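In what follows, subunit A forms one complex with subunit B and a second complex with subunit C.
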Partner chain A sequence: MEYVSPEGLRLDGRRPMEMRQIRAEIGAVSKADGSAIFEMGNTKVIAAVYGPREVQNRSQQISSHALVRCEYCMANFSTGDRMRKSKGDRRSTEISLVIRQTMEACILTHLLPRSQIDIYVQVLQADGGTRSACINAATLALADAGIPMRDLVTSCSAGYLNSTPLLDLNYVEDSAGGPDVTLGILPKLDKVTLLQMDSKLPIDILENVMQLAIEGCKAIANYIREILLANTKQLEYRRGV
Partner chain B sequence: METKSSSSSTNLVDQSVCPGDVILDLSNMTNQTIKLGGGLRQDCDAISVMKAGRLRFSKPNKYWVENSQKRYVPHAEDSVLGIVVDSRSDNFLVDIKGPALAFLPVLAFEGGTRRNIPRFEIGTLIYARVVKANPGMNPELACTDASGKAAEFGALKDGYMFECTTGLSRMLLSSPTCPVLDALGKKLSFEIAVGLNGRVWVSAASPQTTIVVANAIMNSETLSGAQQRIMVEKLLERIH
Partner chain C sequence: MREIQLPLSQTQKVRLQKALEQLESLSTKVNSDASVIIADSIHVNHEDGVLKGHGTADLNGEVVATLCGVVERVNKLVYVRALRSRYKPEVGDIVIGRVVEVAQKRWRLEINYNQDAVLLLSSMNMPDGVQRRRTAVDELNMRCIFEENDVVCAEVRGFQHDGLHLQARSRKYGKLNRGQLLTVPPYLVKRQKQHFHHLEEFGIDLILGCNGFIWVGEHVEAKDDMIEDQVSQSDSQVLFPNKNCVSLEEQEKNYTILETRKYISRAANAVRVLSTLGFNITLEIIKGIIDLSLSMNLDIHDMLGSEFCVLVAEKEAERRSSMKKRR
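Take a look at the complex of A and B:
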């Protein structure tokens, strides 16, 4: 199957180095301490953060820093074929772990000892790049909750199909079986917090694909910053903020 | 926290900032002390932001980030509204919307002795002052002011308690009086207790007045002073 046409267009009409349209909204869940919706094309994710709060299970309490918990699940209606298992399967458990480790790298947990931060992420619509969208949504939700962070974590995927590096793969491109790199970075600190890859890739091509993913992450970081700044400016009437 | 610096101004003051933003570079600064408030931290030779909000500066040398959130981070000398969740022999456990439950010693009341220990049922609403707030231990409360007098602190009877953001509670306690409270106070009589932890208690003679005051305060969060006054007038038109 031809994933990139001779004119240099992908199946959904994008250029190889073009991202899908992104949209974010803060404060989607009124009862949560922080929440956000993040959309990347047809992938739509909602994240809710609760905490820092009292640790529910005393045996898990850590005296030196906060306990970060994460739960990822896909809604039954998120894909074309209705899903049977939405939570607790191996894939969900692995992605929960990935998100938790990525977010722990940016949260200043030592400032909140003996407390607990819960991150709940649900995929409402899935069209490739769900874990990237989940990390971006979780970052926004954490910032909304006022949890101290070193930097904003942003994530983006990139792949290599038809001898062309592609940015922000959708489901069809993701399912093609080619190399798929998911990258998470701290843009201001220039540090990598997540790097996952399916399939094999020559080292020289990996550098190109990674550079493409980094540019995507930085573009998302700029957008997330704009959303956070706009949210703060909405409250500028307030004298006490 | 104190650090040496030569310049007390930064172009980000009164601007919105995000986590990771560097507001001051200390590598080429000497001879002056700066003080860092909430939302800022020193990372090697840079002062960086760790919470999204608006950067503020107070002369001569204080920087902090003002932000609004639902959770409360305890600070000493804050007045808070807490809910009793458990009672022990020597203290009450109080929920103040923080990372951990707070301790309220049974002797932390005016004239508190072993003879006259107060009896609070679980669910009692208490207006208290944060005495200690160290990160490694549970916050400690007291129902007395610094001089040991009860002042306005203690259990709150009747009334209605609702939750808001920490930013709104700071606005309600700001000086001069917040426009929404000013406008309501001219037309209605009611009692109000505002906790810096994002809880507000309102008590009035009639439920109607209580509901109007509570709704007006909750609606005022994103309104300017003039808009708050107009909103109060419209609410009062409906009940008179």
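Take a look at the complex of A and C:
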């Protein structure tokens, strides 16, 4: 199967370094303290944040900083095949842990001692890059909830097929079995906060693929900043003085 | 962009959009560049020796925001006033909370804060109004005063080693009965001198809690301690007003007439409309919306419909425009 045509077009008509269309919406869950919907192409993710609030299980309370919990799940209808997996399957647990660690690194937890922040992420439609979309949605939801953060974490994936680095893989490209790099960065601080990779990749090509993913993360960061700034201005002028 | 979640028709959408654009144009001139988001740089003059306040952080000698909000500068203090966030207590704030736990010598209240607030038995007036030391009998009777899920009005006392402490030392604080509790984002409630309001023409009380909890209830006469002291001697029932009493006389006492209940619902819906639109919640605006719905002979449930919300947005744009001209 040919994933990149000789003219340099991918299966869905994108160039190798082109990202799928991204769209974000803030305030999707009215009862949550913060919520967001994030779409990357056909991948659609909804995230809700509750808290900072009182720790529900007293034995888990930490006196110096906040407790961050994350729960990830995929809707049964989100993939082509209907799944009947239980909530605690291995993949969900692993992704929940990844999102929690990524968010814990950027939330200023020491400012919220003895409290708990709950992040709930659900995939409504999966078409590759669900992990990255979940992290972006969680970042937007945390910013909407007014939780102090060092920087906005943004995430993007990149791959390597037909001797070409590709940005923002979709499901078909992801299923090809080639290398898949998922990267999460703090764009202002210019630090990598998450790096995951499947399959094998030569070390010199890894640099190129990572650089491509970093460019994608920065593009997503610019878009997220625009969304948040417009939302903040809107809240302010509607409130009045 | 946060959408207003209402089923709008095309005409209503255009009218609402026009009203919101007018609101935006009115506010753009005042503070056009004050909005920041997380990790934005805040421009400061470093020679002045600025103080970095809440919502800011130092990054390589540069002041950056850690919250989405509006930059405020007070003399040398630079801080970010967060919009959508949990309540940030200040000493002296009037808050409304819900009892979540009755523990030893204290109640724990949920007040939309990072942790539960604590109301000590010694920090409040006893129902009989007598000033005396709290005894073990009072501890045993704590559930007769407030039990779980009661709504309580109190004042922020301060931070202690075990968390946030409240106090309820005057007659106007205490348990709230016969009304509705509403929850709005705390940034919509402005800090003012007066948070207890009595709407005399409707016979209802309105308490705008600084934490975004708003109480609309039937009016209760606030007696001073002297009169309360006399009443307690003649009627021992006052000691424990929370007792479960099924007698007909008690039911008669707790009955609220239909007219007052309608006014309570109308005021509550007025607050809900303001919260949906994201407007500032003050007494004048609430009264204006109630009067508007009464003058239109609108049913109470129609106040939450799309047409009335669009009308409220248009009226608010007119009001702010006229206030700006008057200034």
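Just so we're on the same page, the second predicted complex is superposed on the first by the 235 of 241 C-alpha atoms of A that agree within 3 Å, B and C clash if a C-alpha of one lies under 4 Å from a C-alpha of the other, contacts with A are read in each partner's own complex, and residues count from 1 in each chain.
By definition in this document, a residue touches a chain if its C-beta (ideal position, glycine included) is under 8 Å from a C-beta of that chain, and two chains touch if they have at least 3 such contacts.
Being a predicted model, the structure only gives us computed values, none of them experimental.
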| item | value |
| --- | --- |
| Subunit A as common anchor, with subunit B and subunit C clashing or fitting | clash |
| Which of subunit B and subunit C A:Glu215 touches, first, second, both or neither | neither |
| Partner chain in contact with A:Pro52 - subunit B first, subunit C second, else both or neither | both |
| Subunit B versus subunit C as contact partner of A:Glu25, first or second or both or neither | second |
| Touching partner for A:Met149 - first (subunit B), second (subunit C), both, neither | both |
| Which of subunit B and subunit C A:Ser63 touches, first, second, both or neither | first |
| Contacts of A:Glu104 with subunit B and subunit C, given as first, second, both or neither | neither |
| Superposition clash, subunit C against subunit B - the stretch among 8-16, 152-160 or 242-250 that is involved | 152-160 |
| Residues of subunit A contacting subunit B in one complex and subunit C in the other | 33-34, 51-54, 108, 112, 114-115, 143-152, 187-189, 225, 228-229, 231-241 |
| Touch list for subunit C against partner subunit A, complex | 1-3, 5, 20, 23-24, 26-28, 30-31, 34-40, 55, 57, 59, 64, 66-70, 82-86, 110, 114-116, 163, 187-188, 277-280, 316, 320 |
| Touch list for subunit A against partner subunit C, complex | 25-27, 30, 33-34, 51-54, 108, 112, 114-115, 143-152, 187-189, 225, 227-241 |
| Residue ranges of subunit A touching subunit B (in the complex, touch as defined) | 33-34, 51-54, 63, 66, 106, 108, 111-115, 143-152, 186-189, 225, 228-229, 231-241 |
| In the complex with subunit A, residue positions of subunit B that touch it | 16, 18-22, 39, 41, 43, 48, 50-54, 66-71, 98-101, 135-136, 167-174, 178, 221-225, 227 |
